[in-house]
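Next come two complexes, and both contain subunit A; in the first it sits with subunit B, in the second with subunit C.
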Partner chain A sequence: MTNLLTIKQLAIEFSSPTGPVRVIENVNLTLEAGETLGIVGESGSGKSVTASSIMRLLPKDLAEISDGDIQLKGQSIVKLSDSEFRKIRGSKISMIFQEPMTALNPVFKIGSQISEMILQHRKKSKKEAKAEVINLLREVGISAPEQIVNSYPHQLSGGMRQRIMIAMAIAGDPEVLIADEPTTALDVTIQAQVLELLKKIQRERGMSIILITHDFGVVAELCDRVCVMYAGQIVEQGKVSTIFNNPRHPYTQGLLKSIPQFVNPSEELYTIKGQVPAPNQFPKGCRFAPRCPMKMEICELEEPEMIELKEGIACKCHLYRGETD
Partner chain B sequence: MLLYILRRIRMMIPTFFGIAFITFILTRILPGDPALMIAGEQALPEYVDKVRAEYGLDQPIYVQLWEYVKQLASGNLGFAWHTGHPVIEDFASRFPATLELTLVSIILAIIIAIPLGILAAAFKNSIFDYVARALAFFGTAMPIFWLGLLLIMLFYANLNWLPAPSGRISEDILPPTQITGLYIVDSLLSGDMVALKDSLLHLAMPAFCLSLGTMAIITKMVRASMLEVLKQDFIRTARSKGIREFVVICKHGLINSFIPTLTVIGLQFGYLLGGSVITESIFVWPGIGSYVTDSILVSDYAPIQAMTLISAVLYAFINLFVDVLYGVLDPRVRYE
Partner chain C sequence: MLLQIKDLKKHYTYKKGILGSQKGLIKSLDGVTLSIEQGETFSVVGESGSGKTTLSKTILKLIEPTDGTIIFDGEDITHADEKKMRQLRTNMQIVFQDPYGSLDPKWTIQRSLEEPLRTHMKSLSQQEMKQRVEHVLSVVGLNPEHAKRFPHELSGGQRQRVVIARALISEPRFIVLDEPVSALDVSIQAQILNLLKQLQKQLSLTYLFVSHDLSVVRYISDRVGVMYLGKMIEIAKTEELFQDPKHPYTKALLSAIPEINANNRKERIVLSGEIPSPRNPPAGCPFHTRCPLRKPECSKVVPEWTSISENHQVACHLFNQQKGE
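Coming up: the complex of A and B.
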């Protein structure tokens, strides 16, 4: 398999009244063609910021990529001019967002919002685009597309709107789809349908997906590989099945333990104590150390390296020092 | 929709009677004796009394009110003795002047304020933003009478670029053939370039003077609502499509931020249509504003009452029109 998207040593800084704050540090990622990569973490772990930075959707006056590189098929896209980058947005990489209720423009019809994407990136007449919109809506499982194209977002349910967002995102026939918490705002039954839909589209179109979520259940459902992020860094990555069976990092272990199980419902749900620290208060050593149940002396003093372990797992934890594969 | 409009119009009727009642009372409270004004300062008291009886001004106030309401109900706006014409005729001859001034100043305000507001929001804290904020401050703080005098001093007295503040057209130039009553339109329609140029020059100062306040308010409004809209999720979605930033702002942003702006434009338009008393007086503009001023100065009740009522009616209808436009711009607004 070939590397489609590569993120190398990415660091992102946000400006603040007290000077720049590094919210993302040393993030390394690869996305292979046809693969689904999950990025998991709590709120504030930096997963959405990382994803938005790929699409260059961070507020320009606030955030800046201060280090590292993002490459699409080996070509750096960080230094492209805005007008060059626009050719990638939507046509090579596209994105769907968490809130389908607000992500669509309330004053335009569904049809025109989707065809805008087609007209922007593919050489098609308005008429062809219109026909294409109907096909896309059918592809995302909307039963009466001829009616839906003429309706406005407020007339549709959340699940429908998310399907429309997906239709819009694939309208430019992208190679990478970034889905930022695509099911978080939806009902559980609708969540399952939307995940199923993403799976189907990926299979049929051979797209790669980056799925951002805080829900390990969603990762298990959809992803091949997973990156666990904590406080702006990747702490563990590897194949989903391996990490599920044998999580190495104490944070990953905690996340997996806090998924509700139905085996013993009387048991209290496990929680990781404390919160993700704010970016200007990241601890000096391991950033997870203050919340870690397996904390050692070294953890608060020295930042652990990313250690390559067996079965393609990489883990940023002092527990595995000297255990390289 | 039609039903909604009809219902709104029905609701306006009591408002109009209320306004008629209030202006009636207010004009009676005004100092000055109309009978004395009509008869003339030098007239004998007997003659003044005769005039008073003739105009019904010796009747008790409720009788006068009843007469006024009866007159209104029959569609008669009364007679302006100080011009010697029925009020409706005066209105017809003066309204085009006010309408032209209002239209030009509103258009001027819109074409400057909307782009400036957009630029200020799109490039926050840039030079555009500073200009917009300075204009908004200057425009709302500057008193019109002072600005008017400064303009006259600079452009007429010192530079002599613009004609004297003497109405709509120079005395030695024939007004264009009357078609709509708006000199710019009429002179264009009849191809009278001399009249067009002269009336444009006459319009320049009063129109700018009148538009500045409106310009300031619209700029502020566009900037504020645009800043709000640009933070919305659907703007991020639009950007993620790879369309140009210009399209993101002017298509996806502007329509959404235009709705609050429309309210302001509507209100200002209705307000200005009632005649700007100060601007029209400074520039001797023969419109509704100066007509009302003259009427107040000579205690001519009928035109004061009529013009107040007409302004209220115009205002109410423009408001209704704006509300209907909401429904056109925003699909979420629907009227039954």
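Coming up: the complex of A and C.
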């Protein structure tokens, strides 16, 4: 398979009254054609910031990519001018968000919002675009598209709005879809519908998906590979089934053990002591060390490397020093 | 039996028609009957609009019921006035989803925790109040030091501990927990769930737990009730409900939970459509518009509440008939 999207040594800084704060550091990941990659982590782990940086949606004047590179098919997209980037956003990479209501324009009809996407990115007449909108709505499972094109976002339910968002995102026929907590705001039966829809679209269009979520169940259902983020870094990555059956990093182990799904109700849930540190208080050495039950002397002194282990797992932890594959 | 509710209803009217001269009726709660034993955790699950939050608020009479009976500790409180309720609320408390929204940002934790004492136990001296606050903070795993802080100085998990402490300080017997862990990250969620279980044992509390997260419900509950469009459609002991659900909606709801362990993955029943609007609920069984096992009578007759076994009841025509044969 070929690498569609590559992130190399990415670092992102936010400005603050006391000087720049590095919220993302040393993030490396690759997305292959046709695969679904999950990025999981708790609040403040940096998963959404990483995704927004790919789409160039970081708040201007407040945050910037201070190091590293993002490449689409081997071409750097970090240094493109805004107008050059606009040709990529929507037609090569597009994104859907947690709350579709805030992502849709409340004063325009659904039909015109989607056809705007088509007219922007593809050479089509208005009439062709109109027909295309109906097709897209049908593809995302909306049963009466001719009526829906004339409605406004507030007239639709949350599940329908998320379907509209997906239709808009695929209107430019992108190769990469970034989905930032796409089902978090939805009820579980509607979430099931949207997950099935994402699977179907990926299968039929051969798209690659980056799925950002805090829900391990959603990752297990949808993703081929997963990256676990903690305090602005990736701490473990690899195949979903391998990581969920045999997590290596103490943080991943702790997170999986604290999910009620795996625990007999008569037992206590496992808890990770303490809490995620704020970006200006990231500890030296391994950032998880202060909370780690397997902490060694070296952990607070030296930052661990990303170590390649067996079965295609990579893990940023001193426990596995010298255990490379 | 600590709490018994019979045929509880809450109907809202709204204006409809061009001049708003006509009145429509929304049946947020449409005849719910259940009882909760002393020391038990009873969970109510359902999707948005199912009426689970209306149920929990009506039980505490934060919302006046339209019809039905509420019996708390052998006493009919359905028509209790505000003064009487204030007395009763030392025994009945509630914890909401968003701990930040539940605490006054301008008040110290000390003041927030003293508030229920000022209302309910006016005879306490300043010194006694201080002692009580210190004690309750240690019960929920915080330090006396936290009393001096303001809500914004605490983490999400700590704030939820404060809200739980405030519910506990009047030494209630019954606590409604309305989505108490939904806003929390998974590692913090585990801490709060452990705390709630431990408090229940220690103080022999009775919980009504409202949640949309089915794996949390499975972990914490003794019995579970499933709601749909203002009606209770199935009640059973937790394990029985999860192992052997009867109602087609319960089956679909359980199958929609994203499953982490691929070996446990069941065949998913993806429901078509969404919950109908409560302004225009379907006749007959409220679920018949989405039910894969719909029969002709389902759209005409409201199914009766039928006992499958001593601890398992369901409202569905599939089981009404079995009983008659």
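What we mean here is this: the second predicted complex is superposed on the first by the 319 of 325 C-alpha atoms of A that agree within 3 Å, B and C clash if a C-alpha of one lies under 4 Å from a C-alpha of the other, contacts with A are read in each partner's own complex, and residues count from 1 in each chain.
Operating definition for what follows: a contact is a pair of C-beta atoms (placed from the backbone, for glycine too) under 8 Å apart; a residue touches a chain by one contact, two chains touch by 3 or more.
In this text, all values refer to a predicted model and were calculated from it rather than measured experimentally.
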item	value
Clash-or-fit label for the pair subunit B, subunit C on subunit A	fit
Contacts of A:196 with subunit B and subunit C, given as first, second, both or neither	second
When both partners are placed on the shared chain, which of subunit B and subunit C touches more of subunit A	C
Partner chain in contact with A:268 - subunit B first, subunit C second, else both or neither	second
Touching partner for A:300 - first (subunit B), second (subunit C), both, neither	neither
First (subunit B), second (subunit C), both or neither touched by A:168	first
Once both complexes are placed on the shared chain, angle at subunit A toward subunit B and subunit C, C-alpha, multiple of 10 degrees	80
Subunit B versus subunit C as contact partner of A:117, first or second or both or neither	first
First (subunit B), second (subunit C), both or neither touched by A:188	second
Smallest distance from any CA atom of subunit C to any CA atom of subunit B, in Å, after fitting	5
Shared subunit A surface residues [contacts with subunit B and with subunit C]	none
Residues of subunit A defined as touching subunit B within the complex	55, 57, 61, 82-83, 86-91, 94-95, 97, 99, 102-108, 116-117, 120-121, 152, 154, 165, 168, 172
For the subunit A and subunit C complex, residues of the former touching the latter	42-43, 157-160, 187-193, 195-196, 214-218, 220-221, 241, 244, 254-256, 258-263, 265, 268-272, 275-276
Complex contact set, residues of subunit B against subunit A	124, 232-234, 236-245, 252, 255-256, 329-332
Sites on subunit C touched by subunit A in the complex	47-48, 155-157, 185-191, 193-194, 197, 212, 214-216, 218-220, 238, 252-253, 255-262, 268, 270-271, 274-275
